[in-house]
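Here chain A shows up in two complexes: once beside chain B, once beside chain C.
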Partner chain A sequence: MRTYGFFVLKRFGQLLIVVFLGVSATFFITHLSPLDPVEQTMGRLTRQSGFSPEAQEAMRAALTELYGTDKPLLEQFYSFWSRLVRGDMGPSLLAFPTPALRLVKRALPWTVGLLTTTVLITWTVGNLLGGLAGYFQNSRLLKAFGVFAIGVQPIPYYIVAFIMLILFGFLWPVLPISGGAGMFVEPGWNIHYALSIVHHSILPASSIVVVGLGTWFLGMRALVSNVVTEDYVTYAEFGGVESRKIVGSYVIRNAMIPQLTALAMVLGGVFSGTIITEEVFSYPGVGTLLIDAVNAGDYTLVLAVTSISIATVATAIFVIDLLYPLLDPRVRVR
Partner chain B sequence: MFHIIRDLLRFNREFAIGVAFLGLIVVYSLLSFVSPIDPDIQFMEFPDLPPSGEYWFGTNSRGQDLFWQLTFAFRNTLGFGIMVAAFSRVISITVGLVSGYVGGAVDRVLMVINDVFVTLPLLPVLLVFFFVLGDSLNTINLALLMACLGWPFDARLIRSITLGLRHREFTRHAMFSGMSPLKIMFEEHLPYVMPVVFATAMANMLWAIGVEVTLAVLGFTNINLATVGTTIYWANNHSAMIVGVWWWIVIPVVLVVMLFIGLYLLAVSLNEYIDPRSRLRRMGG
Partner chain C sequence: MADVLTVAGLKAYYQTNYFGVQREVRAVDDISITVRADEVYGIAGESSSGKTTLIKTFAGAIHPPLRIVGGSMRYRFDGQEIDPYAVSAEELNRLRWRHVSYIMQGSMSVLNPVRRIHRSFADFAFSHMDLPKARFWQAVEEHLERLSLSPDVLRGYPHELSGGMRQRVTIALATVCRPGFIIADEPTTALDVVVQKDVLALLDDIRRTLKSSVVFVTHDMSVHANMADRIGIMYAGRIVEEGPTRALFTAPKHPYTAHLVASLPRIGDATRKPALGGRPPALSDPPGGCRFHPRCPLAIDKCRTEVPPLETVGADHRSACWRSAEVEPLTPPSGASGEEVA
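Up next, the complex of A and B:
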């Protein structure tokens, strides 16, 4: 158990490094840009209504103080981190003066919910079907599914979501194609709201599942068809062990471990895909928020969404990595 | 070289289909060199004409002949993919070879950087760059940027191969006969990783084109350059599906899906060919 504690500590250190480097990179990219957030905001605020020159000057001074853009870069960097640690990233411009972090916090549950559900479904179903396909290599149905997986797997999230949108939005309009829940449903812990959420998530979720399923299916099929030739499987077959038990307890169990590592590797990509899918279906998650923020030139919000995304994905990968030694007894003993 | 390709075409169905799909798209995009139209000029034809004998793919709402317009779109998209793949190969080969051969602290530092890149969600990062650079994020800059983000998986793969090569007899011979590390890496080890470089280049192109299409459809690239993504962007902008100009959406989507499947099948079948275990299995061994 002490080795496991050491492992957790080491991985936690890695997590901190990744988050620190990632968020710092985002900070420097946005701050070394020729785009001045103060002028950006000024342009946005003064576009709609006329302000007197004095009022504009006062506003510029207030915004400069707010963003701290007159200070040297390293000092800005320090104050950025010290505020971030305290959970303050400054107000959003898109919805001034709501704090940017509150907007992210409002959007995050939608994305995390969508991501968790779809990842669980794709990983479990894809691996199970892939394992069966690798073991029962003559099954017609599983072979057909393999062809389908090869056909769908390389298509990017956007195109799949877009095709789903066309199919279910225009040709056969049975499912809601936008929003996170019904417009006239009272939000809260009641059954109507929950059902409405599920109903609205069917299309975005299934388009993510369709893309992701193939990856796990094909990966698992390849892994299992390698494991099947191992001596212990042949031995178990000769020993008359039920094939259901061989597949479930021996073959898939062993092939599952590299698939868990693979999940940690591709999670960043899946997150990007979720963001795009959200945009296609106007799902009220982080992705839609980010794209709105980019379009509106909302400096703080872009920085906030990106930082939180990096931290969320890194934490999720950390959690997956912690599961790894629990699944693989060889790692656990060491 | 040629007999390998011939055998692959004959015995590997995935490879054959991949070559067919990709070849079709490449030939189609090469037609842009003999195109009678200029892709930047609008309203040269009647808008919104459905596919017919005269206009094979119809015309779009901007009054352009879609058949010729798409040849340019696919040329630019393919070119972008090749550019990203080439740039990122340079990074991944260098990092992979150095990390695997030199090892030690260098390897550890490079792998920490690698981990950061693997973990980063790319799309938000790309959007941040678009947000910052705005219109100066042209095709070349975007390709360079994507190459800087798209190397880590392949570098890791190349590293793992080099790790094995390092303890082989010939490396030791080269070392003791006074070959410089740089020469060992790029003259002795590079040929061994070349097959992997080719296979991953296909996968990398696939990824780059996917990201390009995604960014362009959202309007986050140069929307005046004809690519597959911008074609769909303008179609959405003119509400093509609602107005009923379905061919403006369906034809590019079908063609680009063919391109994706073609590239993927090539990458998969090459990978399978490189791995001796799976090659044996295919032969029934």
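Up next, the complex of A and C:
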């Protein structure tokens, strides 16, 4: 029997391979596209002011030199990776000469903060309520919630976002409708800034929570209504085991195992999932950054955003994989 | 001997109502039996004769659509009478495990797969034993040792045990509180014959030590021959014959019992077994009169219209047949057949 440590090591190796392949694929997709970053930048720079043809030529030569676009693709690939492992992704073209990585670093906490809170809230509350609804099938309150969940769950999250925007931004304007924090609040580790962040995140977060809650609730309710017919639940009921323990340690505990896999899969889709939400609420996160980068043809920035999301998602799934054998003793660590 | 369980005229039906179509399955129909202290009572019968439903009602483990429609049921422990369907949920919980415990059909899956076995013991038994923690675990380990199980099994998960081990652990779990009444539903069906013998010996051993009563259900007549002091034969939701094991095997007084006993193979007997034609009736629409009459070789007109009562036909022996006096054993009783089939 191999140890848990060996499993962690092996799984970590897989994580590195996945990240390498994913980032490389993004590299080739952007570099093989007909967009030429040099021409994009030239177009933007020469649009307003009249540069002399010589100056333009010199600028083009300098940019080509800077981006290395005249070199063969494989050589570019090699130099991309050798810079990447040193933490350098090259300058953003949109905000030249700010490094693309710094832009991503600035946006990342917003997205990760919004996502981890919403996903964790939705997952925990949805599974808890779904579990209770599956076990106490006669509860009127939980039945009513089930009807609500079935009604809301098929609505796309961006529609919900717009509805909330109209409701709480215009009809009853109580919540801020855009931005990550108040403009006149001093950023930093102080209570005013923190409150401002929470205040601004209520609308985008609840638009994600409302829809996600229904999905988790319905999934868990279905799982639980299967688990309650298992022999070990019937037997525990007969044995006079405390009903709180039956719901928690017998029913929900067993039904949760597939839900954890589902959580890993949902985490895989979150980066793309919040792009529209961030755009709707002008949230200063990675999604907004990515849309701006694509619109501007800023392919170092696109590459930086996708590389970071690939690494983050792969790590999240890695962590859940590590938790899995602890949750289900029947999963053998190999 | 004192009666531990007295059941009179018990009726438990599955009642469903889907889209206005009402169905009623009379799985337990007018059953009266008593189980005495320190005895093994076997309930026999073919599949879907209502055996499991009957002991579910004994166990107080009834959920809709199954409902008790009539009759009464009374346990007597330490001189106190308890009707499990009249007491509050808390009192019923106190009765459970402490006095009445249950070994469920399919013991392979009765333990929570994600919980270590010691936690199952704590969940089921701790609240029923009124012992401080250290004394409780000492009692559990002593009990396991009595069943020749190593206390190490407590640290494992159910999937790490073999089928036979798991069945022993389940029996240990069901008997750890030293209950006066043990209900066992097909305790050995999923096991091979060798393990089956061990498990039965274990169950018998435990019962003798605890001086408790056991009601067990199986369709396997050879297990009944080995285990039971008395047997009740069920057919289509009713008890058709009840009597001491030896009397039932040597001189059955109901044609159905006669066929059931004759179906047992004996060593050295190469003859073909007489098969009973037809199939058991649907319990949603049982035939009138004696429910066995469509398949009975002795059926007369009276059997088709009037329900035969369960009447005494010998010492401690009752049969529900209009022609019980004419029932002959189908194979000549050659000495004590009970031992032979063992």
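Following the convention adopted for this analysis, the second predicted complex is superposed on the first by the 329 of 334 C-alpha atoms of A that agree within 3 Å, B and C clash if a C-alpha of one lies under 4 Å from a C-alpha of the other, contacts with A are read in each partner's own complex, and residues count from 1 in each chain.
To be clear about the criterion, a contact is a pair of C-beta atoms (placed from the backbone, for glycine too) under 8 Å apart; a residue touches a chain by one contact, two chains touch by 3 or more.
These figures come from a predicted structure and were not determined experimentally.
**Q** For the three-chain model obtained by superposing on chain A, do chain B and chain C clash or fit?
**A** Overlaying the two complexes on chain A (C-alpha atoms) leaves chain C and chain B fitting together cleanly.
**Q** Among the partners chain B and chain C, which is in contact with a greater number of residues of chain A?
**A** Chain A has more residues touched by B than by the other partner.
**Q** When the two structures are overlaid on chain A, which partner does A:137 contact: first (chain B), second (chain C), both, or neither?
**A** neither
**Q** Looking at the overlay, what does A:235 touch: chain B (first), chain C (second), both, or neither?
**A** The answer is second: A:235 touches chain C but not chain B.
**Q** By the touch definition at the top of the document, which applies to A:56: first (chain B), second (chain C), both, or neither?
**A** neither
**Q** May I ask you to decide whether A:254 touches chain B, chain C, both, or neither, giving the answer as first, second, both or neither?
**A** Touch partner of A:254: chain C, not chain B.
**Q** Have a look at where A:166 lands relative to chain B and chain C in the superposition and call it first, second, both or neither.
**A** In the superposition, A:166 touches chain B alone.
**Q** Give the angle at the C-alpha centre of chain A formed by the C-alpha centres of chain B and chain C in the superposed arrangement, rounded to the nearest 10 degrees.
**A** 70
**Q** Which holds for A:317: it touches chain B only (first), chain C only (second), both, or neither?
**A** Touch status of A:317: first partner only.
**Q** Just checking: does A:64 make contact with chain B only, chain C only, both, or neither of them? Give me first, second, both or neither.
**A** Touch status of A:64: no partner.
**Q** Examine A:302 and indicate which partner it touches, taking first as chain B and second as chain C; both and neither are also allowed.
**A** In the superposition, A:302 touches chain B alone.
**Q** After superposing the two complexes, find the smallest distance in angstrom between C-alpha atoms of chain B and C-alpha atoms of chain C.
**A** 8
**Q** In the complex formed with chain A, which residues of chain C make contact?
**A** 59-61, 92-94, 96-97, 101-102, 104, 106, 109-115, 119, 123-124, 127-128, 157, 159
**Q** Mind listing the chain A positions that touch chain C in their complex?
**A** Contact set of chain A toward chain C: 230-232, 234-242, 245, 249-250, 253-254, 257, 327-330.
**Q** Inside the complex, what are the residues of chain B that reach chain A?
**A** Touch list, chain B to chain A: 14, 112, 115-116, 118-125, 127-134, 153, 206, 210-211, 213-214, 217-218, 220, 232, 241-242, 249, 253, 256-257, 260-261, 263-265, 268, 277-278, 281.
**Q** Okay, in this complex, where on chain A does chain B touch?
**A** Against chain B, chain A makes touches at 14, 17-18, 21-22, 25-26, 29-30, 33, 35, 150-151, 153-159, 162-163, 166, 169-170, 222, 225-226, 265, 268-269, 271-272, 275-276, 279, 290-291, 294, 297, 302-303, 305-306, 309-310, 313-314, 317.
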